[in-house]
Each structure stands twice: as structure tokens, then as C-alpha cells.
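Look for chain A in each of the two complexes below; its partner is chain B in the first and chain C in the second.
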Partner chain A sequence: MQTRELLIERLKKKSFDFKETDSRRCGYGLEVQTLSSHIRDLAAVMRDLGLYVVFVTAVHVRPGIQVVYQFAATDVPLRVMVRVPVPPDGTVLSIAGIFHGADWHEREVRDLFGLSFGEHPDLRPLILPDEDVDLAPLRKKEKKLKDIMDIFPGND
Partner chain B sequence: MTDSTREFEVYRFYLNLGPQHPSTHGVLRMVLGMYGEHVVDIDPVLGYGHRMHEKMAESRPWPMFLPNTARMDYACALPHNHCYVSLIERVNNIMVPDRAEYLRVITSELNRIASHLLWLGAFLLDLGAFTPILYAFDDREQVLDILEHVTGSRLTHCYFRVGGVSADIDEKSIDLINVFVRRMWQRFDIYDKLITKNIIFIRRTRKVGIILPEMARRYGATGPVLRASGVAHDIRKHEPYSVYPEFDFKIATAKKGDAFGRYLVRIEEMKQSLRIISQAVERLPAGPVRADVPKKIKLPSGGASFSVEGARGDVTYYLVGDGTEVPYRLKVRSPTLSNLSLIAELGKGILLADLIAVLGSLDLVIPEIDR
Partner chain C sequence: MDQPEKTDKKIAENPAGRTGALEKAAAPIARLRLADSLLNLCRANSLWPMTFGLSCCAIEMMSSGMARFDLARYGAEVFRPSPRQSDLMIVAGTVNKKMAPAIVSLYEQMPSPKWVIALGNCAVSGGPFAIEDNYAVIEGVDQLIPVDVYVPGCPPRPEGLIEGIFRLQEKITGKSHPFPQNRHPQKKS
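After this line comes the complex of A and B, so read on.
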């Protein structure tokens, strides 16, 4: 069976909320929405199928920051976007224990958005200088902040 | 504490490598825990070249960010350029004329060769061989002359525009490219004699810094680093973009995943790039080089990404639009960040001299990591 079908089957089995998208239109074939508490389960599924972490980043919208992951396969053309809303305590569970490459990406998100990653092995600042470590430069000012419905239409 | 661990603690010392060390290529600093000549732990310190490009992208209309894309990976700027304009074209359904796509491929591949030549010279310099960089820069100079003629700049090329390229290519450039391709094919023999069969080079790189496919996936390593581990993953073939499917070329791979394998992969990639360039120049279609696109293009709501194969691997741009001309969020995925992140695991327990060889073989461009 192809990686794509296998992945869809496993996502269904673990009842993840996903939808298929047109990769020619948006660059990825699957979109998954989940919660911080399930992100490790999801990452483990990706790892077992041989996908790698393309990037981890975040988008600041109202009501809260969304952490965004992209995974890609090396055997078939398949990219998966995953979106996780940050819980009220500002901490998303880290996937660095599953994908070691996510370590630096998560540290970068900590720098740029001031988020915290739970159970991260070493959440020190990565790229910001010492005086700016708590600046969170990519957080939007209230005036520029947009509603999640305007930014990710068709999703909640 | 046992005697041996006490001895280890007493004799362990810290060595600071960089940010101005020549083998860290740019401004990478590494704090190395040493035990004699052996590296016991590595703590890379990044951010010396951080310019917050992603914030700049959020604070201006999207066309004004185009020059920024050429300033992240300075050694291979055109794939970043390509990725950004293709992403804007993707979200707005803009078709690009064939001639423009061919020119994009030709210039991107020339840029890839220039980047690999720069790497080749610098890598051998790291290993203490001074001569190869003179040959590599001689060749790279020819590519830069062509790219200067076509794109207008020698380093931070910003040649692609949404809907095409900024200017058409002239007969003189075509001639220069043909001359260069013929010349470059003969140069590989020289490199073969000078480097590939050099016993010192072989001893310094073979079985050094072995990256297994499983480890490469765990860290998200892509490009020549992944291909040298035997995984034939190349976005040009795998998720074809532009007009790459029209050309006949192979994915260069090596089996062992060591520094020598990464050298072989990049040499083979230069040959494959030459093949692509010859085919593209031969079949270059006539016609316009830029589609008629509206002056003001708004970015629709929602996320979209685009990936290209840069000289160092998977370059991905992720754009979130909000219906205005200014991107709401733009994420730049640089391959070097993931490729370097495995160094802490890879370098544990090896000799300091081997660490320099491993760093060189990863082909680091630090401003791309820091952005």
C-alpha cells in the first residue's frame, strides 16, 4: 500500500480530524487539525511511515496562536500540514522526542512567538540575542491581529 | 563517582570554535566539550546573522520582499527566488510562459553549479588542501560572469518575477553558456585526479561522519546530505515543479552516508545540472518571458506552501494570506537548519579534525539558518 493510503487509514483509525486538499493548489495533500495532547500520537504515526519534519512554526490569530507543522514523505509526493491551537497555558507538547529535528524548530518558535513546548529536552533561545530572548517579535499587535475565520477559512 | 569518570571530569575542557573560525563558513559558533582530541559534546550557537526576514515579510507588500529571498542563501539564491515567486503564482493561479520557465531552470542550475563549486573549494580548504579552491573558483567565475550577464548581479541574484523573469536572455549569454558547459565537462577529469583519487582526501573523508537514512529522516536532513545516505529524494523529480519533468536527468546518490559520499553526490549533481542546462538551451522555446499580470495582486486567505530543491535541499516557503497585498505570515524553511541540527549527535566521540571534515561536508550556509 502507498504511504498516502496508509497514512489516511491510520489517521482514521485514531480518529484524527483531517481533510484531503489539492496539492497543486496549496502545496500539500492532507490537512490535519488536532490538539496539543494528541500531537505526539500524530507525530509517531508520521515517523512510523518514514516522513520527516519540514518545519514547525506558528501563526498568531485571534483567539490564540496556532502552531503549524509540515511533514513530508521521501518515497512518494506527499506533504501534510498539521495545525494545533495553543492551549490557554501557552504550552504545546514537544515532538522533539519523536523527531529530533523538531528540537531546533521548536526552539525557534519559542524565540519568535514566546511559546513554550512541554517536555522539550532543552528549550533555550536559539537565534535571538541575549537582550531580546523574550521579545517574541512575530506576535502581532492587537491592531493587526485577525480572526481565525478570516485567516483559515472553512476551519474553526 | 568511579575513578574513570573522575578522570574524565578532571580532564574535560571546553573549546570555542567560531564564530570567526574559517571552517564554520560564515558565523557559526560551537562550544565543544573536549577530552583530549576527542569531541564529547557539541553545542552549536546560532543567530549571529539573524535579520528577522520573516518579520520584514509581514510588514510590506509581497513584491518588496522579493530581494530578501536572494539574501538568505547567498551561495544559491535563485532557488529561494524561484520558490517565492512560484508560491505567489500558485495562490493566484498565474500561468508562466514556457520560455520563462526554461530560463528559470537554466539559471537555477547554473546557480547550483556555482554553489557546489564554492562548497568544493571551501571543503577542501577546510581539509588543508589549498589548490582545489583555485580551480573551483576559476570555474565558478565563469558561471558568475554568465549569471551577471543574465540576471544583473553576481551574488544576490533576484531575477525571477511573478509571471516570468525580469529580462530575456541574449545570444551572447547563450554562447557563454555553451562554452561553459563544454569547458566544465572537461574539468571533472582534473577534479578526479586532484581530489577523488587523492589518498589524503580519501583517508580524511571515507567512513567519517556516517549518516544513516533513519537518522537523516529523524532530523529532516534533505538534499545531498540525504542522498548520500542512499535515499533518492529530489524535489525536482519527486514533486516536479517548473519544467523539470521535461528533462532527462538522474538523482545522484551514494551508499555509505559518509563525507566522501556527500562529495561524490555533489560532483555528480554538477554533471546532472550540466545535462539539464544543455537540454534546456537546445530546446529553449521562443515567446514572451513574462505573463501579463495585474500590477496589484492580493493574497487570498488561507495557507499554501511551495517547495523547490535548493543546492542544500528542501527549500519550502509557507504563506498565510489575509486578502491583502501584505503576507499575514511567511515562513521560510531553510534546508541547512535541519542539516546542521544533526551535528550534536553525529559529532559525538569523533576527533576534532574529523568534525571539521564533517562540518565541511554538510555544506553550511549560516545566514540561511539564522535568516
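After this line comes the complex of A and C, so read on.
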């Protein structure tokens, strides 16, 4: 069976909230929304199917800041966008224990967005100069926030 | 010979503030006009730039040193891999806040007399990064170290850098084209 069908089957089995999107239009074929408490389960599913982490970042939008992960398969053209709304305490569970490559991505997100990653092995500041480690420069001002429905190409 | 005083003033305004004393200590006790002008002529025709680049302007700097533009024609092609051996710092590119301490210590490690060329809009004034939301880029390397010649452009062409070196030679010796043989041949009418 193809990676794509396998992934969809497992997502259904674990009752993740996902939808198929037009990859020619938005660049990814599957979009998954989940909560911080389930991100590790989801990452484990991705790892078991041989997908890798493309990037981890965050977007500051209305109604709230979201952590965004993208996974991709190596054997078939398949990209998966995962969105996790950040809980009020600003902490999302780390997936660095599952994908070691996510370690520095999460440290970068901590620097630029001021988020925290629970159970991260080593969440030291990574890229900002010493005097700015808690600046969170990519947080937007209230006036500049855009609605989440406007910016994700998967939303129609 | 007003150049050293000017440099001192610039350093005094420099927020890092540490280079002022060093610079004063390096100033000569006595000045001999003829010897000075001779030395300056030599310095101007054998500027040794430091080998380092911070971003894309460095590509133009490398291009200036290669055969097509051939900085060697003006005596400034000996790019030294150590600040101890250089007397010209070409700041070619964007200076980040995180890079700033390294730039300042490189400048301090250069022996006097030394000069600085800010190459490209980023080093001159922050260029495209000089916006309200900028959080990482120093808007102009002259906030860190005294700059002698500013070469604008994004990036400046190699001719721009070469012209900057001419201006620096002019600043060092007090006259433009201190080496008449470097002047482009004029068409005879």
C-alpha cells in the first residue's frame, strides 16, 4: 500500500482531525489539526511511516499563536502540514525525542516566538544575541494580526 | 594630515568606546612632514585588506580581486587572512547584532594606521533592514567602528569598490590620483 493511504488509515484509526488538500494549489496534500497533548502520537505515526520533518515554525495569527510542522515522505510526493494551537501557558510538547532534527527547530521557535517546548532535552537560546534572548521578535502587534482563515491556503 | 584627529573624534563618539585610548597611544609623538607624506604615499599604494565577507557584497569584493577587475592594478589586492597583517577593513555586507562583537574585536586587532570601507547599503545604513520591525541588524557599521569611505549600492559593482579605494587613497595622501600611472588614459582630441 502507498504511504499516503497508510497514513490516512492510521490517522483515521487514531481519530486525528485531518483533511485532504490540493497539493498543486497549496503545496501540501494533507492537513492535520491536533492539540499539544497529541503531537507526540502524531509524530510517532509519521516516523513509523518513514516521513521526515521539513520544518517546525510558528505563526502568530488570530485567534491565537500556532505551531506549524511540516512532514514529508521520501518515496512518494506527499507533504503533511500539522497545526497545533498553543495552549494558554505557551508550552507545546516537544517532538525532539521522536525526531532528533526537531531539536534546533524548536529552539529557534522558542527564540523567535517566545514559546516553550515541554520535555525538550536542551531548550537553550539558539540564534538571538545574548541581550535579546527573551525578545520574541516575530510576535506581532495586535493591529497587525491576520485571521487564520485568511492565510492558510488549505482553507476554502 | 588631519586624518588621525578625525579618526580620534569618530572613535570618541563610538558607543563601544574602548578603542579611543588605544588609538591615542598609537599616535606618533613627533611628525615629520616629508617622511609622513612619503609613508602615506606608500600606504596608499599598498593597502592590505582583510579577508572577510559578511554577505553578498563580499562576492563583489572577490570579483574586484579577480582578473577581470584586478584590484592589483591599484595595489590593494593582497587580502590578508589575519587582522594583524591588514590595514584596510572592507565591511562587505550586513552586520548582525550577533556579529558585532566579532567585527569590533577584528578592528581592534588591526595595527594602526588602519582604515575602514563600508561596502554596500547594509554596511552603510542598514539598507533594506532599516525598518521598524528590525531586531537583528546593526543599521550602519559606523555605529560600531569609524568608517572612512562609504560605498553605496546593493550590491555595489566592483568599479564601486575600486572607486572607494581611490577615495581612500585620496584621503590618505591628500590628493586624488596620487599615482598618475593609475589614471585612465585620456583621449587626445
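To be clear about the criterion, the second predicted complex is superposed on the first by the 148 of 156 C-alpha atoms of A that agree within 3 Å, B and C clash if a C-alpha of one lies under 4 Å from a C-alpha of the other, contacts with A are read in each partner's own complex, and residues count from 1 in each chain.
Quick note on the criterion: contacts are C-beta pairs under 8 Å (C-beta built on N, C-alpha and C of every residue); 3 or more make two chains touch, one makes a residue touch a chain.
Keep in mind it's a predicted model, so treat the numbers as computed, not measured.
Peer 1: Taking chain A as the common reference for superposition, should the pair chain B and chain C be classed as clashing or as fitting?
Peer 2: After superposition on chain A, chain B vs chain C: fit, no clash.
Peer 1: Of the partners chain B and chain C, which touch A:M81 in the superposed model: first, second, both, neither?
Peer 2: The first partner, chain B, only.
Peer 1: Once the shared chain is lined up, is A:V59 touching chain B (first), chain C (second), both, or neither of them?
Peer 2: first
Peer 1: Going by the contact rule set out at the top, does A:T3 touch chain B (first), chain C (second), both, or neither?
Peer 2: After superposing on A, A:T3 lies clear of both chain B and chain C.
Peer 1: Touch test for A:P129: chain B only (first), chain C only (second), both, or neither?
Peer 2: both
Peer 1: When the two structures are overlaid on chain A, which partner does A:P137 contact: first (chain B), second (chain C), both, or neither?
Peer 2: Both partners, chain B and chain C.
Peer 1: Can you report the vertex angle at chain A, computed from the C-alpha centres of the three chains with chain B and chain C as the arms, to the nearest 10 degrees?
Peer 2: Reported to the nearest 10, the angle reads 40 degrees.
Peer 1: Between chain B and chain C, point out the one touching more chain A residues.
Peer 2: Between chain B and chain C, B touches the greater number of residues in chain A.
Peer 1: In the overlaid three-chain picture, which partner chain does A:Y28 touch, first (chain B) or second (chain C), both, or neither?
Peer 2: first
Peer 1: Upon superposition of the two complexes, what minimum C-alpha distance (Å) separates chain B from chain C?
Peer 2: 5
Peer 1: Overlap the chain B and chain C contact sets on chain A and report the shared residues.
Peer 2: Residues 127-129, 137 of chain A touch both chain B and chain C.
Peer 1: Using the touch definition from the top, list the residues of chain B that touch chain A in their complex.
Peer 2: By the definition above, chain B touches chain A via 46-47, 50, 52, 54-55, 58, 87, 90-91, 216-222, 226, 231, 233, 238-239, 301-307, 314, 316, 318, 320, 322-323, 328-329, 331, 333, 337-338, 341-342, 345, 369-371.
Peer 1: Enumerate the contact residues on chain A facing chain B in the complex.
Peer 2: 23-28, 47, 50-55, 57, 59-60, 68, 70, 72, 74-75, 77, 79, 81, 99-105, 108, 112, 125-129, 137-138, 146, 150-153
Peer 1: Chain A touches which residues of chain C in the complex?
Peer 2: Listed in rising order, the residues are 96-98, 100, 133, 135-136.
Peer 1: Once bound in the complex, which stretches of chain A touch chain C?
Peer 2: Chain A residues touching chain C: 127-129, 131-132, 135, 137.
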